[in-house]
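If you scroll down you'll find the structure; I have some questions about it.
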Amino acid sequence: MQVAMDAAGLTGFLAREFGQVAEDFAVEAVGAAGITLRLRVAERHLRPGGTVSGPAIFGLVDVAMYLAILSRIGPIALAVTTNASVDFMRKPVAGRDLLGEARLLKLGRSLAVGDVLVFSEGAAEPVARASLTYSIPPAAR
Amino acid sequence: MQVAMDAAGLTGFLAREFGQVAEDFAVEAVGAAGITLRLRVAERHLRPGGTVSGPAIFGLVDVAMYLAILSRIGPIALAVTTNASVDFMRKPVAGRDLLGEARLLKLGRSLAVGDVLVFSEGAAEPVARASLTYSIPPAAR
Amino acid sequence: MQVAMDAAGLTGFLAREFGQVAEDFAVEAVGAAGITLRLRVAERHLRPGGTVSGPAIFGLVDVAMYLAILSRIGPIALAVTTNASVDFMRKPVAGRDLLGEARLLKLGRSLAVGDVLVFSEGAAEPVARASLTYSIPPAAR
Amino acid sequence: MQVAMDAAGLTGFLAREFGQVAEDFAVEAVGAAGITLRLRVAERHLRPGGTVSGPAIFGLVDVAMYLAILSRIGPIALAVTTNASVDFMRKPVAGRDLLGEARLLKLGRSLAVGDVLVFSEGAAEPVARASLTYSIPPAAR
């Protein structure tokens, strides 16, 4: 499928529309199948023991899927998460960023569905797996 | 079933073990069926437009279920979320705290399962619904 | 909220539209909050050891939520399941029917969300818990 | 990783342990990353309009993940599904078998996690996506 926004476009969109969290993330790659998003892990994302918190991982998979949708339909600030199901499988490696690989499985008239695998940078086995559904408002299509 | 920790006990545990987020939450009620946890909504929990962010709602349901489990098994800092599935159903009411009503459905030897309904304070219809599974380490039982 | 179809109406709908499975089910109760549906457990629903199979439990929660939606919007054969998340928590009691208690949490313009608790008849602790999302076609509203 | 049971081994296991449903399925491929399982779609799997029923798709993803686990740990009849989350994305193509591609993401001491993509044979876009968690009893490891 066609890409409507590339990495620079998505980065700019994030800075304009989600200024509070934009610095947490970096768009690493945008392709036909999906995108890769980096969470720049900082002190505020950690729980006792140095683990990345559940909410921080949730933020990563949610933003990664959002940007994967925008990479196809263009800069529309209105898609809304309706469901997110996350399996937490392994502890993140301490001191490493997380990479979320988002894959768009359906881009329908009103719903988009995809999944995200989360890895500690450089690790082979995933930290988490998420599937997300977004509702796309009629005006956006 | 029996309650092993009451509201004061859970509040103290949260302050000791999760100091970074403890001020976000207040334990409202602890009963045989589960607990009610308040998210004191502040600027840092909001997205553009004044909506409470997905990660903040995720944090609420995750901590609510964690405390619901501890209210039964006592102050053990080791239970780990293995799955969380969240349905986002309505926009939170602007300027209101969120209340998470956690219900424990299973407390097994190695897994605990429950769900959480999230309401804007004073509203009748839920903002979100979540189900969560926690793994309980052998030593904890 | 108002009930658009009662137990007799739902039973008739099931017989007309889903003749193959209608005899598996009995509508036990219809109320403002949701419905209760019985799975008449028979040989064909069992796995080795006498456990009710996963697909049979899935069928129960899916039909229960479907009928809970119809009880509100009337006899429309078009709502489609978009997501179902099921937690299997306990073994069903051998030789007992299963009861699914479906609760409608949101009935929006295009999406309906609810959850179902499944019990072996007469047991206090749930066998399974499910949350389901249905897409409602524009024509249906 | 190593494969403990190949396609013939899994097929034999299915016939011995799950005789009632064994004829519904055919193991198409077994590899290091997971397995592919065919649902031989027959009249009994269909809903009005010729669509494959939700329970039949549930059965496919559940058995596919079960066999993916066994392909690694050998013929143990005891692993139990604890969670299954299914996104139904497109109508199956009429008159075609379904293929479930199961991928094992974690094989831990007590939990196994994976996901399954379901396709109508010959179609490029998935009908459904599922993630499943299995509990592995201590004796099995």
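For reference, chains read A, B, C and D in written order, and residue numbers begin at 1 within each chain.
As a convention for this text, a residue touches a chain if its C-beta (ideal position, glycine included) is under 8 Å from a C-beta of that chain, and two chains touch if they have at least 3 such contacts.
Since the structure is predicted, the reported quantities are computational estimates derived from the model, not experimental observations.
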Between B-D and C-D, which chain pair is linked by the larger number of C-beta contacts?
C-D
Averaging each chain's C-alpha atoms to get its centre, pick out the one most distant from chain B.
D
Give, as an integer number of Å, the spacing between the C-alpha centres of chain C and chain B.
28
What whole-number Å value describes the gap between the mean CA coordinates of chain B and chain D?
33
CA centroids of chain C and chain D: separation to the nearest Å works out as 24
Chain C, residues touching no fewer than two other chains:
82-83, 85, 87, 89, 133
Considering only the defined contacts, which chain B positions touch chain C in the complex?
85, 87, 89-90, 105-106, 108, 113, 115, 117, 125-126, 129, 131, 133
Considering only the defined contacts, which chain D positions touch chain B in the complex?
82-83, 85, 110-111, 133, 135
Using the touch definition from the top, list the residues of chain A that touch chain B in their complex.
17-18, 20, 44, 47-48, 53-56, 58-59, 62, 77, 80-89
